[in-house]
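Both complexes below contain chain A, partnered by chain B and then by chain C.
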Partner chain A sequence: MSVQTADAGLDSKLWSGRRRALRRNLTAFLFLLPTFLFLAIFMYQPTVNVIYHTLFRWDGFTVERYVGFKNFITMVNDPNMHIASRNLGWFFLGWMLQRISPFLVAELVFNLKRERSKYWYRTLFVLPMVVPFLVTIMIWKFIYNPLPTTGVLNRMLGSFGLEQWQTAWLSEPSLVILALLFVSFPWISGWPFMIFYAGLQQIPSEVLDASVMDGCNVWQRMVRIDIPLVVTSIQLVAIQTMIGIIQEFAFVLIMTAGGPAKASLVPGLLLFMAAFRGDQMGYGATIGVTMFIAIFILTLLSFRYTTSPFARTRRTRET
Partner chain B sequence: MTGQTVDRPFTSSPDAAQVELGARLKSALHHAFLLFLLLLTFFPFFIAILTSLKSFQQLLVNFWLPAFPLQLHNYVMAWNEIYRSIINSSLVSLGAVAGVLLCASLASYAFARIDFAWRDWAYYLVLSLLMIPGVLTLIGRYLLIVQFGLMNSLWGLILPYIAGGLAFAVFLLTGFFSDLPEELFEAARMDGGTELQMYRLIALPLSRPIMAIVGLLTFLSTWGDYVWPLLVLRSPEKFTLMLGLAKFTGNSQVMFGPLMAGYVIASVPTAIIIILMMRTFAGAALVGAFK
Partner chain C sequence: MNRALSRRQFLIGTGGLAAAGLIAACAMPAAPMEDDAAEGSGMTGELTIDMQYVPGKVTADTPVALHEILHIASEYEDMHPGVEVIFEEPFKATEAMTQPTYFRAGAAAGTLPDITFTYGLTFIYDKDTIVPTTEYLNQPNQYIPAGQPGSSRWLDQWFEDVHPIVLADGNNYDIPVGWGGPGLVIAYNKEIFAEAGLSGPPEKTYYDYYQACQQILDTGTIPVESTLLSWEWDRMVDYLVRAMGLFELIDINGDGFCDDVEQTRAAVAGIVRLDSPYWVEPTRIWKEATNYYQPGYLQMAQTTSAIGYGEVFMTGQTSMVWNANRIWPQLMELGGTDKFGVFNLPRLTNKLTPWGEEDPTWLIARGTESKTVTKTARERGHVDLAVDFLKFMTTPANTARLIHERLGTNLVLPTIKGLEDLEVDDDVKGLVSDYEADTAKPGFSSDRIGDWHFWYEWFSAIQAYFADDMTLEEMIQIQIDVLPTFIENFLVDKELHAEAAEWEKMQADYTPPPWGDYTVPNEPFVMPFNA
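Coming up: the complex of A and B.
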């Protein structure tokens, strides 16, 4: 009898434990429901849909014919894709340098002696961030305006007596990529500058003092101490830039729309035109998936050959 | 800092005077170079503001300096052209911010504070979305919007924006919620508090700074988007600010003054938001969160 009641007690305890777990799961499920609804509809479904349809000739709605890997073959042989990839290569090099170079400016500001001047330079270099990226682009379109009377750059050349250099900067196939790369010169973009500067500020002051004691000059300190210590910020900016560059096309769309005569095409713009201006959704999807694979591989490689940029967060959190 | 403290003991010797002079010269060059960089950085914005206050005639005659009388009515023209799109953009961005904050904070609370089955897997399922580039889902999302009949509707922007912002928001908020001290929740649990009460009365009030950061980031990224509104919106009265500006740019080949005035007006909301971000400690925390 007593055994039985003990058993029943254990049983009911077990049962209530299970019921509690069930209730916990149910609560968590309800908390997660809105998020997963959004993600299922607008993230997972489109991703799967797009990957699946790389194998189809598809206008997005009715025409759907299985073509195997024909889209990929078309892409590899597409002369537009060749132009776009070459341009992407140039943008990749140029923009990577542009996003990393604020490190040198951050060093220059960081090495100033007076705190007040540091503060002012820092604020002023970050200030252009308040202008939306697209507005900056549109202002640069005004700078490159082709007319000798209203284009800022042409007008400037004119006032230096260099009229023979005035040109339609964005309509010359040989100049357009260079002109696009020069947008927002001297490229001290606020965001990388902020991240780099914060990285420099986190170097322990003992290390900096010790370097002075040992007679380290500024250049040696930068190469031997600062760069190794802020390498995670540099990697973070590099990875973000890389992922951003591969898919960027709003910039080109606004500046040149890929012109003149396809001279400034990039893969993202090609996807956009194929899918939304040419009804070749399957082909667009193929370009998108290829870009995704490229981004995925590059991200993995950069994690493999360098330390993870998130490792540092974990370490600082533990201490 | 370094040069001066080391050199000071020797200031009496003539050599030291030269060293001092050298240091001064170096510092002057240092400042000159930084100022030159600042000048180049701000040059386009100066020109834009100058031009925004000129008529076309004034621009032709006097390109580089301010011209009088100032053409303040350029701003009125620009405002009339884009105020509608500013309202639309505000609705879209605020809607997206509200949706992201509500959904992400609920989900993050569950990930950080409730011990449920398959928790890690569910979390990785969300985080894996950080690897999916927006351009990949562009086509698929477009087809959904068409099927749902949300073309040319602001909801066609808000709903995908919420979905797009969730993964990163959950990542930031889960980290923050799991750092909250367990004692707070333990005490509430003793008093028979439900998870929803603990979420509302403990977790939310304590996470205002991080919620502000997530909200501001969502606002900025949706405010500045161009491609998605270009695909979804058709009629000009629905246009968001970036579309409105682009259309304005296309319309006005010669009206540089009003055009630049429009650019200046468009920068005001982002300026306010970024300055808010810098002013509060959010700025510092934001940089910390990314490192």
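Coming up: the complex of A and C.
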């Protein structure tokens, strides 16, 4: 009995403490409430709604019909999804390399001796960020123009006497993915460059000085010191790039609309076309949810298998 | 400075904001109430119209501002005090593929205007959203002078073969505008033609057209700027469907228009077969015809409203361009009729394929532009008013005004009687006489069957076939494989399973099919003049 009474007293104290804390923070909670309300209405509700509609055949306007997991079965068996996934694999490899490659440039700039040179190179590499991507796309459409007299690339080839190489770059099923991957060459994208550069700047100067004392050459320093110490920056760029690639559709839509003959079709474009051209909202939602799951799993795997040495050291100390 | 907000102040603030929000919400325009309907029960009120373009404004779709409808509306308002005609700016969804979504979204949201435009009513599933017009079409049109066609029965105003569409339930649901015709025409560069030894446009058949293309290609010039939009193929299918006697089998209600239900029924009954000559032969011919297209036509496949369409032709790099309607004003600025001419889409004859006729009747595009009265008008009591305005708008006098103005932006032809004396440009007059609208027949328009998925597969397979990544047989098989999925979805959406069972029984009536033991040929088509 006495034990129970003591427990009840403890509970009562605990609740009164929580009530006090709630009262103290009420104003803060009330201020936060509208934000959460908007988040719930405009972010969480549509997400839940999309998941819900994967179970329905629905054109977006009329009555929806419950079909269970049929949309998922259709998607797994959909030849278009197979083609889109295969194409996405190629885009994934190509774009991931493109986004990670600015690390080398950041490394070069970081190792420049003169601060003034560093400043100018930083500016030069970040400057392309101000050009809207749509403009870049239009420029590259112009470069790839198939006519020998109008297309920049074809004219260049012609002027070098390489007429036999002139082609319709975006009309050849075997060439189209390579042509799309080549867009924005030399791929010095400002955003990854800045992330990598900031990461390199965070490396303690003691470590760099020690590497010089130990006689490290540039290659050894990059592989043994810089990359391991900026792995979180690389991870950030890789995850952002991965999310972007899996969700990609606007670039492909504008450049090729997934053609020719589905040679550049990607899941994001398939989703867009199913939902907004074909009014198959349920099927579009199914593709969207699958893409979300894929991104989620890949992000978790990325966190699991790429860890910075700092974090490893901290974890070791804690244990 | 860092003073905390008291609870009282916070509650007063949020209460004030909530009150302001409530007042603002009350001030917003509300959905029409019963009182509004009562207001519009007579010939008064605000009549809202979506003309498919923005009257009086230059847009991407209308490079020259169209004002005439504003004058006509103004005259109508003067005749009917208490009526105000309001032109709503169309949502940017004016292409055939996006219009159904626009329409259904508007119907669901209650934002449709009283009158809107349609593309032949083929994609609108829910007939509750539109008002039947048969009753009105059988009424006199009081705006047409007595004794003239249409004065005693409005329907008589249209040429017999281009009268308003009857859907499978036997009702009309739309009012065609007073023009139609080719919709698409081909423009040619007279200088390039002269250099190739051609004194004028080719004769009026595909055979002659391709022969001219070959002659131009032989001089080293690219003959045609085009895209992979299916006009060329589609028109050839139209002629073969007519030539093989299939049109009458498909058009069960005999209105001269094969709507989506009729075409799907024909597919279920085995009349429409994708491995038959009328579907396959145009595909073979078309592939060969792409030898006359500009390089990269596969990538320029999406739409002619895309930026840059027509540039290759306008910069003198090709001798012809398909769908020249859109760029006609630019052509007039670049050299006018001294430099450029237009001609109709050619006819398919037996000189190119044995399945064609020797001298087929011209086929006319149907259902490309029409107006429909929506459920909004019904809810607001504006149906009579909407129909009355359309009667006024489609009189020969007003149609002539609208056509005259549109000749600046699109090449259109009258579909109503009483416009024989229409004064038009010489080049366009040639088109008018070509068509002889009183004898022309409506086309089959194969795009009224199939959903987005079907046509996407079709388009992708065509690209693969043209890129030599697929044989014709494989390409056709892909289409055959996809068709049942469309049919099943169509029957579910339209609740037509009971009818479909009857349609299947009809299959026996059409065996053996009119195409005998035709099999899909894999060998390439060779133009007869090159054989």
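The definition used in the following text is that the second predicted complex is superposed on the first by the 279 of 319 C-alpha atoms of A that agree within 3 Å, B and C clash if a C-alpha of one lies under 4 Å from a C-alpha of the other, contacts with A are read in each partner's own complex, and residues count from 1 in each chain.
We take it that a residue touches a chain if its C-beta (ideal position, glycine included) is under 8 Å from a C-beta of that chain, and two chains touch if they have at least 3 such contacts.
Quick caveat, the model's predicted, so the values are computed rather than measured.
Asker: Classify the contacts of A:V109 with the two partner chains as first (chain B alone), second (chain C alone), both, or neither.
Answerer: first
Asker: Looking at the overlay, what does A:I41 touch: chain B (first), chain C (second), both, or neither?
Answerer: So A:I41 only meets chain B here.
Asker: Between chain B (first) and chain C (second), which does A:F185 come into contact with in this model arrangement: first, second, both, or neither?
Answerer: First partner only.
Asker: Just checking: does A:I239 make contact with chain B only, chain C only, both, or neither of them? Give me first, second, both or neither.
Answerer: Touch partners of A:I239: none, neither chain B nor chain C.
Asker: Which partner chains sit in contact with A:T27 here, chain B, chain C, both or neither? Use first/second/both/neither.
Answerer: Both partners, chain B and chain C.
Asker: Who wins on chain A residues touched, chain B or chain C?
Answerer: Comparing touch counts on chain A for chain B and chain C gives B.
Asker: Who does A:I100 touch here: chain B (first), chain C (second), both, or neither?
Answerer: Neither: A:I100 stays clear of chain B and chain C.
Asker: After the superposition on A, what does A:F276 contact: first (chain B), second (chain C), both or neither?
Answerer: The answer is both, since A:F276 touches chain B and chain C.
Asker: Based on the superposed arrangement, let me know which partner A:W140 touches: chain B (first), chain C (second), both, or neither?
Answerer: first
Asker: First (chain B), second (chain C), both or neither: which does A:I195 touch?
Answerer: After superposing on A, A:I195 lies in contact with chain B but is clear of chain C.
Asker: Intersection of chain A residues contacting chain B with those contacting chain C?
Answerer: On chain A, the residues that contact chain B in one structure and chain C in the other are 27, 31, 60-61, 149-150, 276.
Asker: Of all residues in chain A, which touch chain B in the complex?
Answerer: Result: residues 21, 24-25, 27-29, 31-32, 34-36, 38-39, 41-43, 45-47, 49-50, 60-61, 105, 108-109, 111-113, 117, 121, 124-126, 128-136, 138-143, 149-150, 152, 155, 159, 184-186, 188, 194-195, 198-199, 202, 212, 232-233, 236, 243, 246-247, 249-250, 253-254, 268, 271-272, 275-276, 281, 284-285, 288-289, 291-292, 295-296, 299, 309, 312-313, 316-317 of chain A touch chain B.
Asker: If we count contacts the way the header does, which residues on chain A are in touch with chain C in the complex?
Answerer: 26-27, 30-31, 59-62, 65, 145-150, 167-168, 170-173, 256-257, 259-262, 273-274, 276-280
Asker: Using the touch definition from the top, list the residues of chain B that touch chain A in their complex.
Answerer: 1-4, 6, 27, 30-31, 33-34, 37-38, 40-42, 44-45, 47-48, 51, 59-60, 63-64, 99, 102-104, 106-107, 109-110, 114-117, 119, 122, 126, 129, 131-144, 146, 159-160, 162-164, 166-167, 170, 179, 194-196, 199, 223-224, 226-227, 231, 242, 245-246, 249, 254, 256, 259-260, 263, 266-267, 270-271, 274-275, 278, 284, 287-288, 290-291
Asker: Touching chain A in the complex: which residues of chain C?
Answerer: Touching chain A: residues 4-5, 7, 10, 14, 97-98, 100-101, 104-105, 107-108, 125-126, 294-299, 301-302, 312, 315, 317, 451-453, 456, 459-461, 463-464, 467, 469-470, 492-493 of chain C.
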